[in-house]
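Each of the next two complexes has chain A plus one more chain, namely chain B in the first and chain C in the second.
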Partner chain A sequence: MDTSEDILQQASPDLIRGSDTARAAKAARLSPSFISWLQAGPMMLVFLVFFLIPLVFVVIVSFWDYNEYQLLPAFSGRGYTDTFEGCIAQLPDLCTIGRTYLKTLKLCFLVWAITLFIGFWVAYFLAFHVKSKTWQMGLSLLCTIPFWTSNVIRMIAWIPLLGRNGLVNSGLMKTGLINHPVEWLLFSEFSVVLALVHLFTFFMVVPIFNSMVRIDKSLIEAAYDAGATGFQTLVNVIIPLAKPGIVIGSIFVITIVMGDFITIGVMGGQQIAAAGKIIETRVNALQFPAAAANAVILLAITFLIITMMSRIVDIKKEL
Partner chain B sequence: MATPAALELVAVTKRYDTTLAVDNVNLKIPAGTYCCLLGPSGCGKTSTLRMIAGHEAVSEGDIILGAQNVTDLEPAKRGTAMMFQSYALFPHLSVLDNVAFALKMRGVDRPTRHKRAGELLELVAMSQYAGRLPAQLSGGQQQRVALARALITEPQILLLDEPLSALDPFLRVKMRGELKRLQRELGISFIQVTHGQEEAMALADHIVVMNQGRIEQQGAARDIFHHPRTEFVARFIGGHNVLSDAGSLIAVRADQLGIVPFADGAFGAPALLTQTEYQGSYIAVSLTLDDGTALFSHVPEATFDVHPLRPGDRVLATWDPAKAQRLQ
Partner chain C sequence: MKEGRPRSFYVLAIFFAAYVLFLYGPMIAIYVLSFQGPQGGLTFPMNGVSTFWIAKLFQGTGIVDLGAAFRRSLLLGIIVMIVTVVLSVAAGMAFRRKFKAQSILFYSAIASLIVPSIITSLGISLEFRIIDDLVKAHWNENFETSMGLLTSGLGAHLTWTLPFGLLIMFAIFNRFDPRLEEAARDLGATPWQTFRHVVLPIILPSVIGIGLFGFTLSWDELARSSQAIGAVNTLPLDLQGLTTTVTNPDIYALGTVISAVSFTVIALALGTIHVLNKRQAAKGSDAGKGLV
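On to the complex of A and B.
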């Protein structure tokens, strides 16, 4: 900036001399790095106040002591030791917390795998088979329909469909395929996975679609020109280039499912233990340090999964 | 390398819904020819190339390559390879893997295909960039890689879609020379789509001038420049003045249009000199005939200096009727 102005001044001194506005502007000019901090500032402030500070409190509280009716602000590992109570004694059998986390991970894996499969193909269809932008927009909006009602209503709506005397069971009975109503349709792992998949497939579709529309169509032609079959093009060109979207979608789904307790509670008939449910139970029992300790554990595990995923793809580079 | 083969298009037509993109094109390209499809945008040259490549279905007609009718074959089974306008390099693959891509698709094992890809990179002088990603290369380097990638299948014909349009003028001339050298060395046919007449004349053994889905004229560069058949060709190929003479249109080359000071009764078309531009070896003179036709002439410096003229002078434009080309 300055050098160009100097050159300008040398070339035609009259142009700058006497121009008060130019001088004032130069005095008021801020360094570019300061301006970028200023621009990022508001978001940083929001992030700090509403995310980082509460998170620090959670970590602090997780190391407090507690009794039946109050928090005791003194350092203690009870929140953690209570959580893992009896875990070493029961080896090689898993303790409650171990089993709960295993179940959470299993649910999470199932939901992740299914949303990834469905999300990938929906995004593929939208990106490569829908030619007009208008239709792409329209069909993407169609995918948001599940979000037009509240989560609670959507979950309750499953009951008349999947219940003992629900639509599916009565339909199956009428066709004579089964004699007794199928019990595992509702308040089971099946219904939990079904509801979660229904909720979160869209979070998979959007980032994958985003990655896919950015793939130059001539790359697919070039692959075809080189003799690649449709499947080879998918494996060698489309999937590698859609990887950032796949990882981002996976992070969305995994973080949400790992911490979910409402959907698992309602659709599991309050019978399925999950990491989120432990925290809820502790909070309801006013055992805040234990709840906080569990939150920290959950955060650590989720963070670990995401770190592993980021190893596969350098997201910062891809954005 | 591959055996060169002749290409023949027989009454090839391409329709998109109701519009006719390519209209009954007949074309014979002998083996080992550098052919340029030349025309303005929307003239059907790219559609023609894409039909030869197999990326566009032929509505009517046949495409014959060597002894085989390839009209309905897949691109990779035809013996053609295409180099795309934007190069279409795979951004996630290294230069070496980009070049080896077609062999990987055929199931060739890694050492063999990497060895072969290395040879082709050497051919285009890109060996030292084998490990880079396409994004780390300049436009000209990307083009060489795209060229190597297209050649790895040993095509009988290489199809190039505006290969030089993304390069800056200096690099364009340089790459032009390399394309021509490569074509000579490989002995196969190159068919190139371009909208630059200069590029076509510099490169092609055979130029096909297209307009509105039809072939306006085809032949050697000299033929076309010396004998433009239609007004469109004369104007598009450049270097020609189109003017009406005794009720019909004629083309007079800019370097064969003479200018003399106005004199009553002398032979020539009266005109007003509007501008002179010094171009080194010649002076580019613009003039307007009394009927409004704009003409230009390239007058050699020495000739111009005999009686220098200025803008605003009345002049006579003269030409040798024997050298003027009568247009259809």
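On to the complex of A and C.
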């Protein structure tokens, strides 16, 4: 049988051995704020070296000069003037950069609208119709697993389905609906939108689902008891409460599509211009200041869109 | 409320099933097609069944040295996974107290997540180019480059995986009961003992989840690697290069092999999480035991 002193000794040796050791231990103990720095410092350092400083370099280099093969560290607006070449002369027609951004915004809008629709109803089904926690976990996992696999593979996976001799075309030919294979199924804007929706609906499902599971079920019951129809409950209760998730998901999808150059490249057959692709093209031509200038423009527009979207929510919250 | 399931359940269940089919259907198609016969092409129908194309990959008769790219991607993925887990858990612990620069770190992580990858990638490449130029000008004229798989490449991948790690840590500590740590402290545990024997076992399943994100996101990373990886290629970069040139099922075979690694890692991680959760449920709480 332990005596109470033994138990104390095991639990907290300092108390028994006297206050001297306790005081020494206290002095050696690190201050809480120093520990916080030790814990958070490494991650902060990674973001500083590989994210914040690089962003600063993008802005600086966008004002440098360049020739065919190297960077010239002298102030110049050439990166920007080259980018906007002909924009004033060609008015009222849009110049290349204007057309490219218009095309990118159009892709963005299409992908946003479709992922929002699919993401909302998938999240709704998971949050409100799947009652068992195990099933909810399992089905959420089923939606997440593709996110852990390669995007390029998920893009090329459409080739056997949509190509000239793909399943869709041969199916349509067999049924006699068409005589010649449909060409716009692959390496077109259609396939770009399809692939982007395929890849990134996940980013819409997760935040909306998160908002929806937090909705108190009794609110929905209250709406039902007060005589609201299913549609009224959806519009007046569920959508407003799921709004934070909708906005976060929208920000993810819009920023991904605005900066995308891989999906647009692979699924567009390298033929479709987009904001992200301009940067890639400039880098491949070793025109770094021009690439950086385009990056700054893209960053500014993306930031503008995000600011506008977060404004919408806040205003709604005020009302 | 109503008896049985409402009609909307069935409509949405069908919608959900269609979405899952949309997610997995195309992927399954290329896994099947990678087992094409030697004469087979890029599309259905199958022209015999064989492991010809997969074997061809491993013989190294393809266009690029895939074995080396495979090893590079694996090495990078494992390092990214370890660094992501350690830094995320540490930073996650820091966020449980208030500290200066807390919001700077938080907003850096969120910004790193949503700033288009091509911009981050370009920035890292510019940073390393400028470092190279400085070294060449001031110290060593024969200096080649500081860019590489484990310098700029590692950094680029971490800017993508760390935000996920940090957000998962937030989710964990949102539902963590701090009284468990207080109890450990009251019993005289040092902060390290409290972390090692109380906190870590409880959060371990989610920490494995962070590792899963770290590895798989790095293993498939493309946009951030594109400008920042240096002279060598990772596996996804090679695969992307093949999309414009290849006209036979090589590319599907490579896709299947890459996916096989992903699925193995996913299965291992989910399996471990499942076992840990079961063990926690079985003997996690001994409240009320041993009193009588």
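Heads up, the rule we're going with is that the second predicted complex is superposed on the first by the 266 of 319 C-alpha atoms of A that agree within 3 Å, B and C clash if a C-alpha of one lies under 4 Å from a C-alpha of the other, contacts with A are read in each partner's own complex, and residues count from 1 in each chain.
Keep this in mind: contacts are C-beta pairs under 8 Å (C-beta built on N, C-alpha and C of every residue); 3 or more make two chains touch, one makes a residue touch a chain.
The structure displayed is predicted, hence computed values, not measured ones.
Student: Please indicate which partner A:Leu141 is in contact with in the superposed arrangement: first for chain B, second for chain C, both, or neither.
Tutor: Once the two structures are laid over each other on A, A:Leu141 reaches chain C alone.
Student: Once the structures are superposed on A, label A:Ser150 by its partner contacts, choosing first (chain B), second (chain C), both or neither.
Tutor: The second partner, chain C, only.
Student: Output check: A:Val111 vs chain B and chain C. Expected answer is one of first, second, both, neither. What do you get?
Tutor: The answer is neither, since A:Val111 touches no partner chain.
Student: Between chain C and chain B, which one touches more residues of chain A when both complexes sit on the common chain A?
Tutor: Higher number of touched chain A residues: C.
Student: Name the contact category of A:Val237: first (chain B only), second (chain C only), both, or neither.
Tutor: The answer is first: A:Val237 touches chain B but not chain C.
Student: Would you sort A:Tyr224 into first (chain B), second (chain C), both or neither based on which partner it touches?
Tutor: both
Student: Tell me the contact category for A:Asp216 with respect to chain B and chain C: first, second, both or neither.
Tutor: The answer is first: A:Asp216 touches chain B but not chain C.
Student: Show which residues of chain A both chain B and chain C reach, each in its own complex.
Tutor: Overlap of chain B and chain C footprints on chain A: residues 221, 224.
Student: Over in the complex, which chain A residues touch chain B? Could you list them?
Tutor: Touch list, chain A to chain B: 216, 218-219, 221-229, 232, 236-237, 240-241.
Student: Which of the residues in chain A end up touching chain C in this complex?
Tutor: 10-15, 32-33, 35-40, 42-44, 46-58, 61, 71, 118, 121-122, 124-126, 129, 139, 141-143, 145-146, 148-161, 163, 165-167, 170, 198, 201, 221, 224, 230, 251-252, 255-256, 258-262, 266, 270, 276, 279-280, 283, 288, 291-292, 295, 298-299, 302, 306
Student: Which residues of chain C touch chain A once you look at their complex with the stated criterion?
Tutor: Residue positions touching the partner: 1, 5, 8-9, 12-13, 15-16, 19-20, 22-27, 29-30, 33, 41-44, 86-88, 90-91, 93-95, 97, 99-102, 104-105, 108-109, 111-112, 114-120, 122-127, 129-130, 133, 152, 155-156, 158-159, 162, 166, 187-188, 191, 212-213, 216-217, 219-220, 222-223, 226-227, 236, 239-240, 243-244, 251-252, 255, 258-259, 262-263, 265-266, 270.
Student: In the complex, go through chain B and note every residue touching chain A.
Tutor: Against chain A, chain B makes touches at 53, 55, 74-77, 81-82, 84-86, 88-92, 101-102, 104-106, 149-150, 153.
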